[in-house]
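When the chains are written out, they are named A, B, C, D and E in that same order, and each has its own residue count from 1.
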Amino acid sequence: RLKPPRRAGAFCRPAMTVTYSSKVANATFFSFHRLLLRWRGSIYKLLYREFVVFLALYTGLSVVYRLVLADHQKRLFEKLSMYCDKYAEQIPVTFVLGFYVTLVVNRWWHQFVNLPWPDRLMVLISSCVRGKDEYGRLLRRTLVRYVNLTSLLIFRSVSTAVCKRFPTMDHVVEAGFMTAEERKVFENIRSPHLKYWIPVVWFSNLASKARQEGRIQDSIDLQNLLNEMNHFRTWCSTLFGYDWVGVPLVYTQVVTLAVYTFFFACLIGRQFLDPAQGYHGHDLDLYVPVFTLLQFFFYSGWLKVAEQLINPFGEDDDDFEANWIIDRNLQVSLLAVDEMHMNLPPMTKDMYWN
Amino acid sequence: RLKPPRRAGAFCRPAMTVTYSSKVANATFFSFHRLLLRWRGSIYKLLYREFVVFLALYTGLSVVYRLVLADHQKRLFEKLSMYCDKYAEQIPVTFVLGFYVTLVVNRWWHQFVNLPWPDRLMVLISSCVRGKDEYGRLLRRTLVRYVNLTSLLIFRSVSTAVCKRFPTMDHVVEAGFMTAEERKVFENIRSPHLKYWIPVVWFSNLASKARQEGRIQDSIDLQNLLNEMNHFRTWCSTLFGYDWVGVPLVYTQVVTLAVYTFFFACLIGRQFLDPAQGYHGHDLDLYVPVFTLLQFFFYSGWLKVAEQLINPFGEDDDDFEANWIIDRNLQVSLLAVDEMHMNLPPMTKDMYWN
Amino acid sequence: RLKPPRRAGAFCRPAMTVTYSSKVANATFFSFHRLLLRWRGSIYKLLYREFVVFLALYTGLSVVYRLVLADHQKRLFEKLSMYCDKYAEQIPVTFVLGFYVTLVVNRWWHQFVNLPWPDRLMVLISSCVRGKDEYGRLLRRTLVRYVNLTSLLIFRSVSTAVCKRFPTMDHVVEAGFMTAEERKVFENIRSPHLKYWIPVVWFSNLASKARQEGRIQDSIDLQNLLNEMNHFRTWCSTLFGYDWVGVPLVYTQVVTLAVYTFFFACLIGRQFLDPAQGYHGHDLDLYVPVFTLLQFFFYSGWLKVAEQLINPFGEDDDDFEANWIIDRNLQVSLLAVDEMHMNLPPMTKDMYWN
Amino acid sequence: RLKPPRRAGAFCRPAMTVTYSSKVANATFFSFHRLLLRWRGSIYKLLYREFVVFLALYTGLSVVYRLVLADHQKRLFEKLSMYCDKYAEQIPVTFVLGFYVTLVVNRWWHQFVNLPWPDRLMVLISSCVRGKDEYGRLLRRTLVRYVNLTSLLIFRSVSTAVCKRFPTMDHVVEAGFMTAEERKVFENIRSPHLKYWIPVVWFSNLASKARQEGRIQDSIDLQNLLNEMNHFRTWCSTLFGYDWVGVPLVYTQVVTLAVYTFFFACLIGRQFLDPAQGYHGHDLDLYVPVFTLLQFFFYSGWLKVAEQLINPFGEDDDDFEANWIIDRNLQVSLLAVDEMHMNLPPMTKDMYWN
Amino acid sequence: RLKPPRRAGAFCRPAMTVTYSSKVANATFFSFHRLLLRWRGSIYKLLYREFVVFLALYTGLSVVYRLVLADHQKRLFEKLSMYCDKYAEQIPVTFVLGFYVTLVVNRWWHQFVNLPWPDRLMVLISSCVRGKDEYGRLLRRTLVRYVNLTSLLIFRSVSTAVCKRFPTMDHVVEAGFMTAEERKVFENIRSPHLKYWIPVVWFSNLASKARQEGRIQDSIDLQNLLNEMNHFRTWCSTLFGYDWVGVPLVYTQVVTLAVYTFFFACLIGRQFLDPAQGYHGHDLDLYVPVFTLLQFFFYSGWLKVAEQLINPFGEDDDDFEANWIIDRNLQVSLLAVDEMHMNLPPMTKDMYWN
C-alpha cells in the first residue's frame, strides 16, 4: 500500500511501495518495458487467478470440441462459435471502459488531494498560540489533538483498515486521541447523526476562549485559525462524501456486464475451428489463442484499474494507507506545536551575506 | 435513496443504502462480479420492465415470422431484417452515450458538492457570538435558524420530496424553521421573485446589530461570518441554477432518440432468419438472441445512469434525500451553537505529554 | 427562454420554460420517452424546417431516378449512389461532433455560472453601510445602483435583446440605472475603450469616502466590500471575454462542413436502388429511408445543441433572458439595501428552545 | 486579430474582428451555413494554399496514370493505389486530432483567462491611496505604472508583436512605461534571470512606504493591495509558463505526421482507377475526388485550429492583440487612479426612491 | 531540458531549449511541417533506437520467409501472417492511448503549475518586515532562506538530478541553504517521517517573534505572510504527492502491453506475402512496409509522450530543470528581500502627467 517507509533523516528518493516514478524518470530505450516485468501491484498479480480460470474454461471447451463432440455436433458448435465471434466484436468494451475508468481515476485522485493533513493548522497553532508554560502547552496540544481526532473519526467511517484498528471509541481513547473526560462529553451529546463535527466545535470554542484569555493575540489570528480548521473539516467531509456517494451502481454494473459478456463471447467465439471445414478466417489451428489472451489482459487489466481505485481506502497494493497517515499526523503535529514552539535555531549570517 | 441511517454514536462503516464501496474495498478475485448480483439500485431493478416489453415485442415478431407469414412474406421480412441489421450497426449509440453520460455525471457530482451544509457557519457562530445568557442564546439560535431557512427555501424549489413535505409557508412555520412574526415580515416584502435571499439579508443585518451591541467582538469576526454566509448562499443559488438550467432538452432528445432507434432496429434486424435460406451470418437459429439482450442491458443501463442522475433530487434509489439533510442540519446546528457553546470538556494532559 | 416566471411568494417547483427536470425526477418505466413528445425547445421545433428541405431534396432525387432517367443513366446513378454511400460512412461526424459539442456545452455552462448577480454585494452593503437617515439611504442605494449599472453596461455589449432595449445611454438613464449627472461625468471621461469599469471606480471611491465619514466602520468592512465588487467585476469581464473570444471560427466551420457533407452524401448515397440489379445491400425498396431520416435527426440535432448554446444571449428558447436578470437584480437589490436595512423581525424563542 | 475596435462611448455590440457570436445568436434555419461563407479567419483563407498544392499533386498523378503510364505500369499503379487506400483508412487521424485539439484549445483558453488586466488593482489604488495633492497623484500613478510595466516585460517575452514594438529597454522608457531613473536602477540589479519581478518588488515597497506615511490608512488596505499585486504577478507568470513549457514537441509531431501521412496515402489511394478493370469499388470515374477534397478540408482544418491556437500571441487572425491590451491598460488605469480619484458625480435620489 | 538560459537584461523572446512556440506563432503555409524537421526533443531522437530494432526484426523475418522457408512452411507462415494481421486491427491502441495520454499530460501540467516559486513570499517579506539595520536584514534573509530550504528538501525527494547534486544534508549546508546550527537542530528533531515541514514551522515561529518585536507591524501583516507560506507549503506537498502516488502501475502496464502487442502482431502480420498466392490484399510486394513504419512512429511516439511526461523531474529533454529553479529562486529572493528592501528609484512625473 502507498505508505512512504519510516526512513531516517538523511535520504534521497524515498523507496515507496508501488511507486515506479523513479524507474521512468528518463524516457530511454524501451523504457516502459521494464515496468512489464514487475510483480508487486502489477497486472499479473491482480489478474493471474482470473487468467487461470479463463484459460481453464477455454481449454475445457477446446478439448470437448476436439475430442468429445460427434461430427454433426462439431458443425453446430462451429456455427455457434462464429456467431459468438461476430457479436464479440460488436461489444463496445473499449469506449465503455475508457469513459468509466476516466471517471474513476478522477474520483480517486480527488480523494488523494482531499486527504486531511494538519500541517497548515499546526503551523498556525505553533506560531499564534502563545506561552511556553504548562497552560500554553496544554492549549496547543489540545487544539492539535482535536484536529487529529476529527480526521480519525472520518477515517473510521471511510477506511476498512482504520475501522479494524479502532472498532470502538475505547480504542480511540486508548490510542491517546481523546481523553476519558472528552469521551464522556462526546457521548452525552445527543445526536443520531455522525459526530465528527463535535471536535471541530470544541476547537473553535477553545480557540475563542484562548483569545479572551490573551493567549491568541487578536481576532485576526483567531479567524485565520478558524478558517484553516473549516478548511480541514471540508477535506474530511469531502472524503466522507466520496465514500457515501459512490459511482452509481448501475454504471459499474453496465461496465462489468460489458466486459464479462465480451469474455464469455470470446470463450466460444475464439476457439480454433477445424481448418478442414474451410471457414473464412479459420485456416490455422494454433491451439493457444495468443491474441485473445492478450485482449484478456488489456480489458481485464483496465477494469482492474477501476476495481483498485474505486475505493482507495481498502487494502489493495495501491490503496492509501490511512493508518500510517493517522500516526504520522499525530506525531508530527504534536512535535510542531509543543517541542518546536518558539524553539528556533540561532540566526547567523548566511554564506551569501555580502 | 442516499440517506445515511440514523445510527448510534459508536459505529464503524455506516450501512448506507445504495453504497457499495465497502464491497469493493479490495480488488480481489472477480471482485466486481458480486455487484452483479445485487437488486437494490441495480440495473435489473431499473430495467426489468423495459426488458420485459422488449422481449415480448421480439418474441411476438419472431412468432409472426415463423408461424404466421406466408413464404413470400417471409422472404420480404428477411430482407427487411437484414436491412435493419445493417443500419443498427451504424447508429453511434456508444459515442453519443459516452459524451452525454459524462456530462450528466459531472453535473450530478457538482450538485452533490454544492449541497448546502451549515457546519462551517455553525462553528463560527458558536465561537464568535458571545454570551451564555438568554439573549446570547436567542441571537445564536436565530442566526443559525436563518441559515437553515435559506436552504429550506431552496430545497422547496428544487426537490419534489421537500415540496411535498412543505407545500406552503404554513408548513415551514409549523416545522419551526420560521416564527409567525418572521413569516409576516417575509410576506410583506413585495417582490415577484424567488425570496430565498431574504433570510440572508436578515442574517447579515442581525450580525451587524450584534457587533454594535458588542456580542460580536469586532469587524474581523463579523466579516468572516458574512463571508461564510455568502458562501452558503452561493451553494444554494448554485443548486437552484442546476435545477433551473438543465442539460439542453435537445441533447437529451438526441440521445434518447439514438438509443430507441437502435433498439427498434434490433427488434427486426436481430431476428434469427431461416438458416435454410443461406443468408450470410444466419446459419444458426438460437431462438433467444443472447447478445442482443445483453446489448439491451448495456445501452439501456447506460441511459438509465443518465435518467437517474439528471435530476438528483427526485425519489430514485440513488437520489439525494433532501428531507434527511434538512433535519440533520437543523438538529446538528442548533446543538452546536446552543448546548455546546463554551461547553468544553476539561483540558487534561494527553498520554504523550512528555 | 430561460426565465423563471414572476411568481407569488408561496410556490413550489417553479414552472420554468424549457426546464424539464421535474419531468425526469424519477427514473421510471421508459421515463425519457415522455421527453420525446414535447414541442417547446424540442428537436422537432428546431429542425422541422431543415427536415422538410432534406426530405424534399431526397424525394426529388428519388423521383428523378425512378421516373425520369433512362436506363443507362440509371446505371450511372446507381454507381454514383454506391460511391457516395461508401464515403458517407467514412466521414467522422460522430467524433467531430462529440468533441465540439463538449467544448460548446462547457463554455455555455461557464457563462451561466459567471452571470453577475448582486446578491453577495447587496448583503454586505445592507449590513455594513450605516444610517437609516436620508444620507445613509442615498449612499446604499447609489452603491447598489453602480453595481447594477456595471452589469447593464456589460449586458448591452453581450446580449442582442438587452441591446435592443437599451440602444443608447438615454435609455439607460430613463430606466433609472444612471442619473443625468452621472451620465454627464461618464461621457466626459475620455477613453476610446469600453467603459463598464467606470461605475466600478465610482463605487470604490464612494465606499472609501463613506469610510472617511464613518458610515462604513473600518477598513475591514471596506476591503470586504471592495473585494466583492472586484469579484462582481470579474464576472462581468468574464462574460465579456466569452462573447469577445468565441470558439475559433475554423473549428465551427470544420464541424459544420463535416455534417453538411455527410448529409449531401446521404442524399445520393442512401437512395433505394432497383433491387432487380442485385447490388449488394440493395434487395429491398422501402421508398422511405427511415434510418437515414433518423440519422438526420441525431446529427443535425447534435449540431443544433451547439448552435443553440454557442451564443447563450440570443433569443433561442434555451437562451438566458438577460432583460429579466437586469430587472430582477435592480428590484431585489434596492429592496435589500433600503427597505430591509436594519428592519429585522422581532426575535422570539423558536419551538425547540429547550 | 482579436482587438475590439476603439469605439465611442455609445455603442451596442462591438464589431470585433473574427467574432461571429452575434451572427449565431439565434439557432435559426440552417443558421451555421452563413458561417461557411465568410473569408476572414475562415478555413478557406487558412487552407487555400495547401489545398492548391494538394490538388495539383493529385491532378499530376492522375494525368500521369491516365496518359503517361504503359498498360503494365497502370496495373502496378492500380495495385499500389488500392494498397494505399486500405492503409489510409487505418490511420486514426480522427482520434489523434480529437484528443490533441482538445488539449490545445484548453491551453489557449487558459491563456486568455490569464491575460493580466490591471482593473482590480486600479480600483483599489484609486480608493485606498489618499491625497489629491501632487504627491498623492505621483504615488498612485507610479504604483499603477509599475503594474503596467510588469505586464509589459512579460508580453515582451511572450509575444512576437510586442517584441517587435519594444525591442530594447530604450523603447520601454520612451513609451513612458519606465522613467530613466528607474531604468538605471533596473539595470543595476545583477541577476542573470528574467527581471519582470523587479517592478513587483518596487510596488510592494512603495506601498509599504505609503502606509508608513499615512497615505495608505492601515495594514488591511496595504495587504489587500499586495495580495492583488501578487494575483497580477501570478497571471503574468502563468502566461510566461504557457509560453515556456508548450505542448510537448513529440505530441505535435505525432499528430502532424498522422495527418500528413493520411494525405500522402490519399494522393495515391484515392485516384480513380480504370473502371474497365472491374476493381471492387472502382466502377465510376468522376475525375474530381469530391469526398477526398472535403476530407482534406476537415482534417487540415482541424489541424489548423491547433496551429492557430498553439501560440495565441502570434499574428494570426485569431490571436490576442497584445499591443492593444498594453495601450488600453495604461490609458484606462492612469485615468482611474488620477483623474477619477475622489471625483464622484453628485449623489441624487434615483427614480425609484419611494 | 526546460531551462530558460541565463540571459542578459535586455532580451526579447528567450531562446529556450525545446520550446518551439515562436516557430509556430503564425499559422502559415504548412506551418507545422517545419516542426517535423527538428532533432532536439523530437520524435526521431526519442525513437530511432526502437525504430532500428523494429526494422531489423521485420527485415529478419522477411528474409527468413523469402529465402529460408520451404514451400509448405511458407504456406503456414502466410496463414499465420494473415491471422496476426486480422487481430492487429482489433487491438484498440488508439483509444487506450488517447485516454491514457490525456491523463498523463494533465498530471504533468499540474506539476508544472505547482512548482514552488518564492516570488509571492519574497514580495511580502521585502515590504512587511522592517528595518534596514543588520538585525532586519538577518531576519528577512533567514525567512526567505527557510522558504528556499523547504522547496529544496522537496526537490531532493522528487528529482533525480537534485538528489545527485545534494546527496546528503552536508551538501545542503555547503550550498548555503542551511547553517550548521540549523542542521543540528534539524537533526535533533526526532521524527521518522519526511522533514520538509520543519523549516515551515521555523518560518512561522520566527515571523511570530518578529511581530512581538515590532519588526512586523501587526497581525494582518503576519497572517498574510503565514498564509502565503502555507500556500507555498501546499505547492511543495502537492509536488511530493504527484511523485508519491503515480498513475496506477496497472494502467501503465495495460497501455504498454497493448502497444507492444500491436507491434508484435504487425511484425508478422504486415509481411508482404507472395502475390502469386493470390491472397486478398496481397497483390503487391513493396519490400518496405511504409505505412506500418509510419504507424510505428505514431503509436510509439504517442506512448513516448507519456514516457517523457510521466516523471517530469527526470533528465529528458522536456523535463523541468529543478536545479536551475533552485538556483534562480535563491538568487532572486535574496536580492528582493535584502538589496532591494526600501531601495526605491526616485519618483518622478511620468510623461503622461497632464
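Note that in this section a contact is a pair of C-beta atoms (placed from the backbone, for glycine too) under 8 Å apart; a residue touches a chain by one contact, two chains touch by 3 or more.
A quick note: this is a predicted structure, and the numbers were derived from the prediction, not measured.
Counted as hops between touching chains, the shortest connection from subunit A to subunit E is 1. In summary, the pair subunit B and subunit C forms a contact in which the copies contribute largely different residue numbers, shared numbers making up under half of all those used. If you lay the C-alpha trace of subunit C over that of subunit E, the rotation comes to 145 degrees, to the nearest 5. Inter-chain spacing, taken between the CA centroids of subunit B and subunit E, is 39 Å.
The distance from the centre of subunit D to the centre of subunit E, with each centre set as the mean of the Cα atoms, comes to 24 Å. In subunit B, the residues that reach two or more other chains under the touch definition are 46, 95, 98, 102, 218, 220, 304, 308. Chain-to-chain contact here is organised cyclically: the chains close a single ring, every chain touching exactly two others. Beginning the circuit at subunit A and passing next to subunit E, one meets the chains as A, E, D, C, B, using touch as defined. Remark: subunit D residues 46, 49-50, 53, 76, 79-80, 82-84, 86-87, 90-92, 95-96, 98-99, 102-103, 138-139, 141-142, 145, 156-158, 160, 163, 167-169, 176, 179, 181-182, 184-187, 189-195, 197-198, 200-202, 204-209, 218-220, 222-223, 226-227, 229-230, 233-234, 237-238, 241, 243-246, 248-254, 256-258, 260-261, 265, 303-304, 307-308, 310-311, 313-316, 319, 334 touch subunit E in the complex.
Partner subunit A is touched in their complex by these residues of subunit B: 2, 4, 6-14, 16, 18-22, 24-27, 29-33, 35-36, 38, 41-43, 46, 89, 94-95, 98, 101-102, 105, 112-113, 117, 119-120, 122-124, 126-128, 217-218, 220-221, 224, 228, 281, 283-284, 286, 291, 294-295, 297-298, 301-302, 304-305, 308-309, 318, 320, 328, 331-332, 335-336, 339-353.
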